[in-house]
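Next, two complexes with subunit A in common: one pairs it with subunit B, the other with subunit C.
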Partner chain A sequence: MLNSGRTYLGVPVSRPKVGFFDFSSCEGCQLQMVNNESTLLDFLALVQIVNFREAMTGESDDYDIAFVEGSITRPDEVDRLQAIRSRAKVLVALGSCACFGGVNQLKNRFRDLPWVKETVYGGAAVETDVVRPLHDVVTVDLMIYGCPVRKEEVEKVVTNIAIGKEIAYPKYPVCMECKANENICLFDLGEACLGPVTRAGCGAWCPGSRAGCWGCRGPADDPNMEQMKRLMQERGISEEMILDRLECFGGFCEFSDALRAEMSKENP
Partner chain B sequence: MKVNCNVNVHHLSRVEGHGAIGITIRDGKVERASWEVIETPRFFEAILSGKRWENAPVITGRICGICSIGHTLASIRAVENAFAITPTEQTGNLRLLLKHMETLQSHVLHLYFLAAPDFLGAGSVFPLIESAPDVVARAARMKLLANDVCDCVGGRRLHPTRTVVGGFTMLPEKKELSRFRERLIAASADLTQTAELFTTFKIPDFARETEFVSLKGEGAYPFIGGRLISSDGVEKEEHEYRGMTNEFLVSQSTSKWARLSRESYAVGALARLNNNFAHLHPAAAEVASLFHLKPVCHNPYMNNIAQLVECVHVVKDAVRIIDSLLDAQWEEPKQEITPRAGRGVGAVEVPRGILYHCYEFDDSGHVVKADCVIPTGQNHANIQLDLEYLASRYASEGMTDRDISLLAQMLVRSYDPCISCSVH
Partner chain C sequence: MLFKVIAKEELKRLFELLASSHTVVGPVKTGRDRTGLPLYAFDEVERFEDLSLDYAMTKIPAKRFFLPYREDMAVFEMRKDDWNKKVDYNMDRPRIFFGMHPCDINALNRLDKVLMGETYPMPYYIAKRQNTVIIGIDCTPRPYCFCRSMAADTALHGFDMFLTDIGERYFAEILSDTAFNFLRLIKTAEPAGEDHVLYKKAAAARNERFVTQVDTTDLMKILDMEFQSDVWKQWGDKCLSCGTCSNVCPTCYCYSVEATVDLKLTTARKTKMLYSCNLIDFAEVAGAHNFRPERHIRLKYRYYHKHRGFVEAYEESLCVGCGRCGESCLAGITVPEVIASVRSTL
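Moving on to the complex of A and B:
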């Protein structure tokens, strides 16, 4: 892709034009980009940032890679996302809001949207729809999981795009990274953890702080959900706690919907 | 004399979230001056409904990426108040240290990356990387320090992992804290140079009298919990926060607005400083005097300087906190939690002003009702009135559209608004 005679690790690279765009989100994933002070300047040498409203005035419609943060909750957001899609060569979903709906999609568990609006705004008219991830609206080329994303991962993705290298996600679960880091297992402390079923890549961020995984990166390939549930229940962790974690970021929605249905059958 | 002016900024840049400024002046008369918030709501209060207490800090921390630590701490405090849990001194100290470093990283981000480009005539910090590399490096150094402490104490700089109801999941190593102590002391030089840089900026000479609301410092400059105070003399308990905020809906905004004794009030660094000047660290007060900043200052652009003063305060105070942590023996990181029915409020001074979380629980600890009042939400009405006054004043002085537009944008940026957070 594109111009110039720059090199990165001895490999000639282009300096792709990059835009950052946000939809319904906390904007934390964008913030991660300016949050790694030690590598920020290297990153800026690698790309040309042409759109980054949170950090700069001025915008351009000419970009190669669009990093899109947030989920889609309103018709005007659909239009804006489609326009970005039509301009970008590569569209990257940045963070769990964009990949799965993130915490925002917890709203979807209430089937009654008018009630949701009423709870927050009383009778006032406010527009909102069911929360959707980007790929429900447009074609997404790449996903960067996490709430928040890891900056290192974003940089790796950009580098790979620039040098035309395929991007490989870990297929294995967080437990593998956690064990490699020799953390104390949360299960041994009697706490809940979705590490056995969640896609690795975060370096077992939460268990490294002795906090259980909440599954923000979504499921690993072929997650063994039954085994995970059994492991948790053997340790006295309730179905409700498992459900809380499974449904928090939206990556496990098919499993959490099933568990919710099962629980309401048991406890109508 | 200037008679006609049209300013339309649809997506204000270098602020968090989506807001728009519109000013129309015809024949010298302000027909419209508006601050509109077009952000999509995410319905956090509804989302919490029916969730167990444990979820509250994890979910509401995601209201805002910039002040996720503040939201997490306000949420935890609300839950703890509802369950009648008093944090240990150790937990209190660690939380305040974490809070201070969020304040530092957020203020430095705002001062250097969002506000300074206006004063330096640049569209962003990016061109400054080449034209003023030492300035950018200094900002990055201070932010890095703040973020490193947050990683160490909170587990993660953004959406902290170790902060839970009852305390922390894990404690930092004392030798790490000692190392941060050295870096914090060394940061004085960077802060001095930051102050020097800001003395070269021309802060617009503009004031509109208003009311300022913040926590009330009792013995110390306030950040986490305590009584509420306004510069018009209103005082209330933390749990009576609704009597301070009086939220209402307006058509131009998906964020609610707030008012107290007047049509609007302001929160943030300037409000904190106006209400608690006597509790500033002497070194911070000295920086304030460099800019002739003393209470009650009604110039909204001076919020930038108030943030700078607070940077000095939190760095000095962080050293004090680390000293007392190093002197004490580590206790258990976390207390046991017994949920009970009740209501709890957590008021926390986050970088952009006072934040409230309030939850009502049933006896099994499930949320019956949740309410979050965001600093920027409280500032919207004040921003609106400032803009109206700014438009009429500068139009009558015959200023050009371009200059009015720039000053209006700088005005809004001075509040360091966190718009998506205000809508949540």
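Moving on to the complex of A and C:
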């Protein structure tokens, strides 16, 4: 799909048809896409949006790239996601819910789902199951991390797709960006932070506002979880408090599940 | 060598005169840590009252005024079939650095050897280094400091003027015409015999405060012998590969480069970002092969660059012993302890 007459360095630029879709989520990631009006027109010149419930009426089943927000909690969502997958050439998981289950998956933390349902919805007939990230259901080609995603990052991905440039994310943790911003380390202030193990890319958003990282972007490459746990404990932060953070967005589920198992072995 | 003594209120006057016509950078207080100790940073200062000349140590070194964490190396204006490249060394006017400790001055001197050397001169650095006037100031060593072991406790060059607090006055050592001309703006005096005594007393008192030492005797040889030592694995198990040590280090200069294109497809940039050899992809090359996938190997190479490779090339270490990396490392990995463990005969 070419972008009529547009070139970059003399090479024609593609203008993919793009659809935005949402599943169980707060729709905050999609909102990020429309809330910066100053770049919106440039964004629209790069892609052709054919589906975006939050920003336009009308829809189409003809798209190249599907940006999918939200987690999967119901059987009908599984069907809808599979249909999107079958139409899209590239499926992008947009934001923490889509990548890891997000805040929604906190309910998986209670191993008793009927009880959760009863407590939250009372007797109302609501269909809701275990919360799953997209890649549990379909093949995901690309993940854009964050709760919410950063608009600049999505724009960068789209620009790179248009000109055929490789898409790469930081493999290092948030501390790198935090130090470059010259923030005071939260641990120096006696607080907790998951920055040493969380994938960078947010520009150390939370530490920049004097709040510790909760790991919304999931783990960096090869995170040293043992040391993370140890350093929190050395500073008097309890395992339960570490788990609060690790379990918040679902990106660290592998580690938090292991830590829970370890804890219940110690204190059955 | 030219010496002068300056009354404290005259130094304030000098600051005010300079700050009225120049960008002045110096140590300022930014808050307190959990134990109530003040935290310091280098920043632009307009009022003398905001300057903390008796600062302990800044968490982030003076490096970023010479090697910014992020810096555009080139901006490309994209035209239809070609482009126009604009290079800016990002130093629009001279700067005066008011109050730099000896370790940080020595750190710049060591960076000069690489970045102003003949092999790979780095114009972005040179532009900033040569357009910064440096006024050094003595310090009170903290428990983390081991600059003495690294021959970095005294600055011999690389600054314009160096101040030592001798009570009512500052004892000033003048190295450049610029500093000499600055001092003509205020009242100064020739040091008398009693000033020499006060200076020597201040220097001796400072020396007594060094508590941490690193034994560098034969360190190059020992590092060669202990290349396969288990201690590297032990330290590596703790390392978070977070890069903080390099970011707070006044002498780490490694960087990565990223090229980006804006949404309009009309501007492209080549941006450099300071990096660390402890980061997982530091030694990853095209084709995704990683020469150092293991934490302990990366950590080891950080020490080998600082305490072996650089020493071989320049006859001094690329560590000035400021202690910042150990103080900021959340895993508690400190240079004195790592070197001691490598030297251990047990």
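FYI, the second predicted complex is superposed on the first by the 253 of 268 C-alpha atoms of A that agree within 3 Å, B and C clash if a C-alpha of one lies under 4 Å from a C-alpha of the other, contacts with A are read in each partner's own complex, and residues count from 1 in each chain.
Criterion: a contact is a pair of C-beta atoms (placed from the backbone, for glycine too) under 8 Å apart; a residue touches a chain by one contact, two chains touch by 3 or more.
The structure displayed is predicted, hence computed values, not measured ones.
Judged by the touch definition given at the top, the superposed model places A:214 against subunit B, while subunit C stays out of reach. Applying the stated contact rule after C-alpha superposition, one finds that A:50 touches neither subunit B nor subunit C. When the two structures are aligned on the shared chain, A:81 is found in touch with neither subunit B nor subunit C. By the touch criterion defined above, A:119 lies against subunit B but remains apart from subunit C after alignment on the C-alpha atoms of chain A. Of the two partner chains, subunit C is the only one that A:222 touches; subunit B does not reach it. Looking at the shared chain after the overlay, A:253 reaches neither subunit B nor subunit C. Using the contact criterion defined above for the overlaid structures, shared-chain residue A:163 touches subunit C, although it does not reach subunit B. Those residues of subunit C lying in contact with subunit A across their complex are 30-31, 33-34, 39, 41, 59-60, 64, 69-70, 78, 80-83, 237-244, 247-248, 260-265, 273-274, 276, 279-281, 293, 295, 328, 330-332.
The touching residues of subunit A, when paired with subunit C in their complex, are 6-10, 13, 39, 42-43, 45-46, 155-156, 158-160, 162-163, 165, 171-173, 175-176, 179-182, 184-185, 187-190, 195-197, 220-224, 226-228, 230-231. Those residues of subunit A whose C-beta lies close enough to touch subunit B in the complex are 22-32, 34-35, 37-38, 40-41, 44, 49, 52-58, 73-74, 77, 102-104, 106-107, 110, 115-117, 119-122, 124, 126, 128, 147-148, 205-206, 208-211, 214, 240-241, 244, 248. By the touch criterion stated above, subunit B contacts subunit A in their complex at residues 11, 13-17, 40-43, 45-47, 49, 51-52, 54-55, 58-59, 62-66, 68, 109, 113-114, 117, 123-126, 129, 140-141, 143-144, 147, 155-159, 161-162, 164, 169-170, 249, 254, 420-421.
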